[in-house]
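Both complexes below contain subunit A, partnered by subunit B and then by subunit C.
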Partner chain A sequence: MKLARRSALLGAGLTILSREGRAEKKYGPGVTDTEIKVGQTQPYSGNASAYGVAGRNQAAYFRMINETQGGVNGRKINLISLDDGYSPPKTVELVRQLVERDQVFCLFYTLGTQTNTAIHKYVNQKKIPHLIVASGASKWGNPKQFPWTMGWQPDYHTEGLIYAKHLLATNKSPKIGILRQNDDMGNDYVEGFHEGLTETLKKFIVSDVTYEATDPTVDSQILQMRNAGADVIFNVTTPKFAAQAIKKIAEIGWKPTHYLVSVAASVGAVMRPAGVENGQGILTAQYLKDVTDPRWDDFPDVKEWRAFMAKWNPTANVLEGSNASSYAAAYAFVRILKSCGDELTRENLMRQAANIKNMEVPLMLPGIKVNTSPDNFYPLQSMQLARFEGDHWVLFGDMLSRHKG
Partner chain B sequence: MAAIDNSWATKGGLGWIATTFWVLLAVGPLAGFFTQDPSFEYYMFMGQSMLINTIAILGLNLLIGFNGQISLGHSAFFAIGAYTTAILMNFAGWPYYATIPVAAIICFGAGFLFGFPALKLEGHYLALATFTLAIAVPQLLKYKAIAGWTGGVGGLILDKPDAPEFTRLGTDQYLYYLCLILAMLSFWIVRNMLRGRSGRAMMAIRDHAMAAGTMGIDTAKYKTLTFGVSAGITGVGGALSAITVAYVAPDSFTLQLAVSFLVGLVVGGIASLPGCLVGGAFIVLIQNSSQSISDWMKVTFSLRYDVPAWAIYGILLILLMYFMPRGIMGGIETLWLKLTHRKETQA
Partner chain C sequence: MEFFIQQLVAGLTSGAIYACVALGLVMIFVSTDHINFAQGEMAMFATYLAWAMIDVGFSYWMAFVCAVLLAFVGGLFIQRVILKPLETAPVLSLVVCFIALLSFFNALAGMLWSFTIKPFPTPFPPKDIFGNGLVSAQQLGIVAVTVIMLGILTVFFRYTTLGLAMRAAAQNASSARLMGVRVSWMLALGWGLAAAIGAVAGMLVAPIVFLDPNMMTGILVYGFAGALVGGIGNPMGAVAGGFIVGVLENLVGSYLIGNELKLSFALAMVVGVLLLKPAGIFGQVIVRRV
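Coming up: the complex of A and B.
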């Protein structure tokens, strides 16, 4: 009797133990009780090294998480961030190193469109979570063919489409001039813009000029567009060229309707250097708060971001937009890891990433929330149009998006 | 360039060191049949990159080391080779192996044609002219009229070939052997070329073009031919890179690639055939380890700032050039001479 009771107790204890053990110890490669290994490639050198600030900032963010919160659910994030120099073959080599030699749990915020294209197939064959891809291309949201890859920001294609829709709604017969950088960003934007115009209305485009990222100025391109008789500009440039273009347009006394892409719509890096009086009335679309715009200074998330930058990444230039977007992405990544609890398998990570409901992320515009589902791999899809008035962007209209969730 | 000695080109026989080396390269990957190490395939991939760089450097070495024509534009021929393979595989449905000879021939043609204007230019003027090739090609690949074929900025995605059933090799193991066989073939061709009349003519042109011409060497013919063969070999490297990476894009073939070939060549040793292997390995290994060194320094000395990896790379290069001005193979040779013929060198 006594013996039976004891063994029954023991049995019950054992089942509890083993059940707990099952729930606790479910780890994929790269995870231990104390550590989660995360891989990343960034262009710290080469043509696109300006983007490399994102990787440094995220390393700082994870250091902050590890030191102030003891990591995620007690496990420290070990970010292995390697320099691929923006060269696709190098990315393949480094990602294989991360996956096969270093045995990382997942990839996070690998930067660049061509570089990510080079590893797209590989990571999906190997079933490595390839999360929050740092590229605005639209191909990262294709869960049917590529169930292990998920993008992040609203894609350029959608943004281009939003501008075209807005243009057609406000102007019945525009004469459009397109100024674009000759790379994948430029192409993606213009493709989306074309889609928004539809095949028949493409005739509205009177001039489509390109420049190379290595060119000194875009002055002649501006004149070319004006001489072609354009009265609308779709300005697909990076910050330096955007500022030049805005200045030049004002200089020659030209007053076209001006759409400026979000990647170049920074108050601190573009509008102020170009002269705020020259930028009045320019249109753009946004999803992030422009942290260089003093208007957002009193918002708690911006304050927190500033405190973070001052303490953990003091050498960075806060005017660089990547420091804000990479912070938001790192925040979301930590949230996804947290939601995995103690079941840190690659399958569960993808499951959690594909089931985000209304996650609020710092530095997003008020009202923008992250949502995903097993057949919607576009975490952020809304943007809002804004017009430059006085010295800041004034949001107007509804949240716009293309992909329906 | 009088300091260059031609011992590697003119020595008889394969030499037991070279033979052992090639045998080691061929036997090493068989370890894959015994090991359970998950990173084995990654090491095979590294091996492929090293061999591909080796082939490209071999092509460059033929031109610079043995013919005295400087090229900063070999990334362009590498790109042409890669795109030839990619386009044939993607649009014509060719099997990967059939595209390699075509890539070699097209690159030979391109190099041969470029050799003609190059005749008028020497030394740093030629370097500048080839430099424009390296800059122009990535932009030309994006050109709208041909973007349908090249995939424009997005590039072309290829299918990685599987190893044939009967070999029972893993994909990466198999591709490694493909690279190795083509590397050996290229070395064999170059070695035979150098040992014959054409090799002597090439080197005579390098050492003193006018004297070579006076002796009856058709300098124009040899210079353009060398340019063609050099580009053809580098193009084979490009074709292999397209196959192993399974993706080509303009960003893969920037000026940085051309410079890294040149660095590999100088580090390995100008006018040294084994130096090409050393250089190929150097490019792949040192770029990776300079970042590890940078991370290690940051952690060990608990620095607040990142140590730029490329600065470390630069310092390593300077040190190397200071202690081994003739590259690693040149350094080893000097050391060997010092050890074996101590009296002669001291005298």
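Coming up: the complex of A and C.
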């Protein structure tokens, strides 16, 4: 123990010396000449553990960066990825541990809406970069109040709005049923959807039913929507309930126009288990290439991703959408770290993250680029609609976003 | 009216699922006097075993029978290896042990088969019984299997020597021992049977809720509610309780309080029943000499 403490002191002394020696390098906590410590929480166990594949895939991605490129500007990424079981109190405890004991440089891709909400204030008080939050809630893009938090994917609010616009353009008097998870995600989507319908057209909603993430099934809710006379449903669910809903709707011989949110539109995790024949014609919005769609097979980024999966994460199921989205996010994160150069301070990291100009990220749909500015903390904002045909999603229409849509 | 019948049928289907889980709970309670929190996860794990067997080419019924047998042996094994050393331990140690089993099976299933949901085949044809979309063969099948299981268990506990010996061992171990019952093995047998019932329940549930390691967590809570409402001391009561909870939860949720409060309603029912009739609606009050 004594020895360890002494060598730690010695190490600290050396760091100070070397910092003075080379003035151009500036390091924040968690960064040395050889390492960048990055913290993350993921649901490896518990209710949402299906999403935990993201953390495993990113660990593999950083291993690849460390071993083939020697890390980022010569510093290896040390990802400390902890299991919060998707439970907010646990997330708070673990993030405190990451910040105060492990002294991580920043947080990256912490997963979940409630879990990130629980640490939102804390990380901003402590001024810890909280980047590429793995949740589509719209609250991650609020640089005035929360200058240390930045989201990633197109937010739920925008996506909900896109569906409403498309619906109004194609159906003059829809009868809408909404099935939503009773939490922040569900509310965010539905608020965006309401905004798209506008105040006067909200009367089109004939049924708005909720379920709890702990409910065994959503059968009863599906029947309630049909009974209310809905001919369009807006399905705001997580993968398991989405699959149940798709199957149940087919079982009772109901054929409404079906909008399915992107978080539950994975081919491998939802559409196939639900039965592809039951999913024909369902609509969703995408910002990533659907890697199960053969039309993308010859694109260099998809080929590279496949090679990566085969070599560095061979046991993962490539049909799970998280393996593609988490890869793209890890790529962008490495690019942001690279752009910091040798000035690896938390302030500079946020500065770099808030000044991205037209960054191209693998697996994004053609035409989608990442853009941020000091008052735009929404890196991705465009999506394109897709329809389920055969065994994959087929894109149609223009690129839509909050402003253009 | 059609809506009412549909909700009633949906309620009966969920009720049957809760009843199956409740049966497993009762099984262990009757034979060991404990409540097994890992019941749901054991059922889930057995269902995964069946899935894995079907995946390598077993027929459905082959896999069904093998999974039930494996679950029986597994339950026996758990009791012999893990719980036997704790036979004289206080109840709290056992509760901790059950919770440990719960997270163990959950994590093991996730590690072996990943957390992505999987479709599970059903032995019932995808058919409407009355041709009007009200009752599917799957729904009728679940209710039927539950009732059959209940019948077998009732006969077993009432009329067979082994069943009586098991009940005796649970309720008064020392007297049973004096009568020549091998108490320790009766407990193990109870675990084996509970695990086997769990396996059947899991395989019935999986086609509806999809197979994943967290498949039973939500259901177990309702299973408890069913068992407690009906009376955790007898199989008939537990099954009736499961159906009552399933139907009331659905109807009250659809007509009165909305979907948000369904679980709260089930738990309020438990509290209400425990306050008014602690042994459950159909339970017998057992008076014990001390």
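We take it that the second predicted complex is superposed on the first by the 362 of 405 C-alpha atoms of A that agree within 3 Å, B and C clash if a C-alpha of one lies under 4 Å from a C-alpha of the other, contacts with A are read in each partner's own complex, and residues count from 1 in each chain.
Note that contacts are C-beta pairs under 8 Å (C-beta built on N, C-alpha and C of every residue); 3 or more make two chains touch, one makes a residue touch a chain.
What you see is a predicted model, and the numbers here were worked out from it, not measured in a lab.
Student: Pick one for A:K121: touches subunit B only (first), subunit C only (second), both, or neither.
Tutor: first
Student: Would you sort A:E212 into first (subunit B), second (subunit C), both or neither based on which partner it touches?
Tutor: After superposing on A, A:E212 lies in contact with both subunit B and subunit C.
Student: Going by the contact rule set out at the top, does A:T32 touch subunit B (first), subunit C (second), both, or neither?
Tutor: In the superposition, A:T32 contacts neither subunit B nor subunit C.
Student: Is A:R101 touching anything from subunit B or subunit C once the two structures are fitted on A? First, second, both or neither.
Tutor: The first partner, subunit B, only.
Student: Examine A:N47 and indicate which partner it touches, taking first as subunit B and second as subunit C; both and neither are also allowed.
Tutor: It touches subunit B and subunit C both.
Student: When the two structures are overlaid on chain A, which partner does A:N182 contact: first (subunit B), second (subunit C), both, or neither?
Tutor: both
Student: For A:A269, is the partner it touches subunit B (first), subunit C (second), both, or none of the two (neither)?
Tutor: A:A269: touches subunit C, not subunit B.
Student: Quick one: is A:Y86 in contact with subunit B, with subunit C, with both, or with neither? Answer first, second, both or neither.
Tutor: first
Student: May I ask you to decide whether A:Q221 touches subunit B, subunit C, both, or neither, giving the answer as first, second, both or neither?
Tutor: Only subunit C is touched by A:Q221; subunit B is not.
Student: Across the two complexes, what residues of subunit A are contacted by subunit B and by subunit C?
Tutor: Subunit A residues touching both partners: 45-47, 182, 212.
Student: Inside the complex, what are the residues of subunit C that reach subunit A?
Tutor: That would be residues 2-3, 6-7, 10-11, 13-14, 17, 103, 106-107, 110, 114-119, 126, 133, 136, 205, 208-210, 212-214, 217-219, 221-222, 250, 253-254, 258-260, 262-263 of subunit C.
Student: Any idea which subunit A residues touch subunit C in the complex?
Tutor: 45-47, 49-50, 52-53, 182, 209-212, 214-217, 219-221, 223-224, 227, 239-240, 243-244, 251-253, 268-270, 272-275, 317, 320
Student: Give every residue of subunit B touching subunit A within the complex, in rising order.
Tutor: Against subunit A, subunit B makes touches at 38-43, 45-46, 49, 139, 142, 152-155, 157, 241, 245-247, 249-252, 254, 256-257, 284, 288, 291, 304-306, 309-310.
Student: Which residues of subunit A touch subunit B in their complex?
Tutor: For this pair, the touching residues of subunit A are 44-47, 56, 82-83, 85-89, 92-94, 96-97, 99-101, 103, 112-115, 117-118, 120-121, 182-184, 187, 212, 315.
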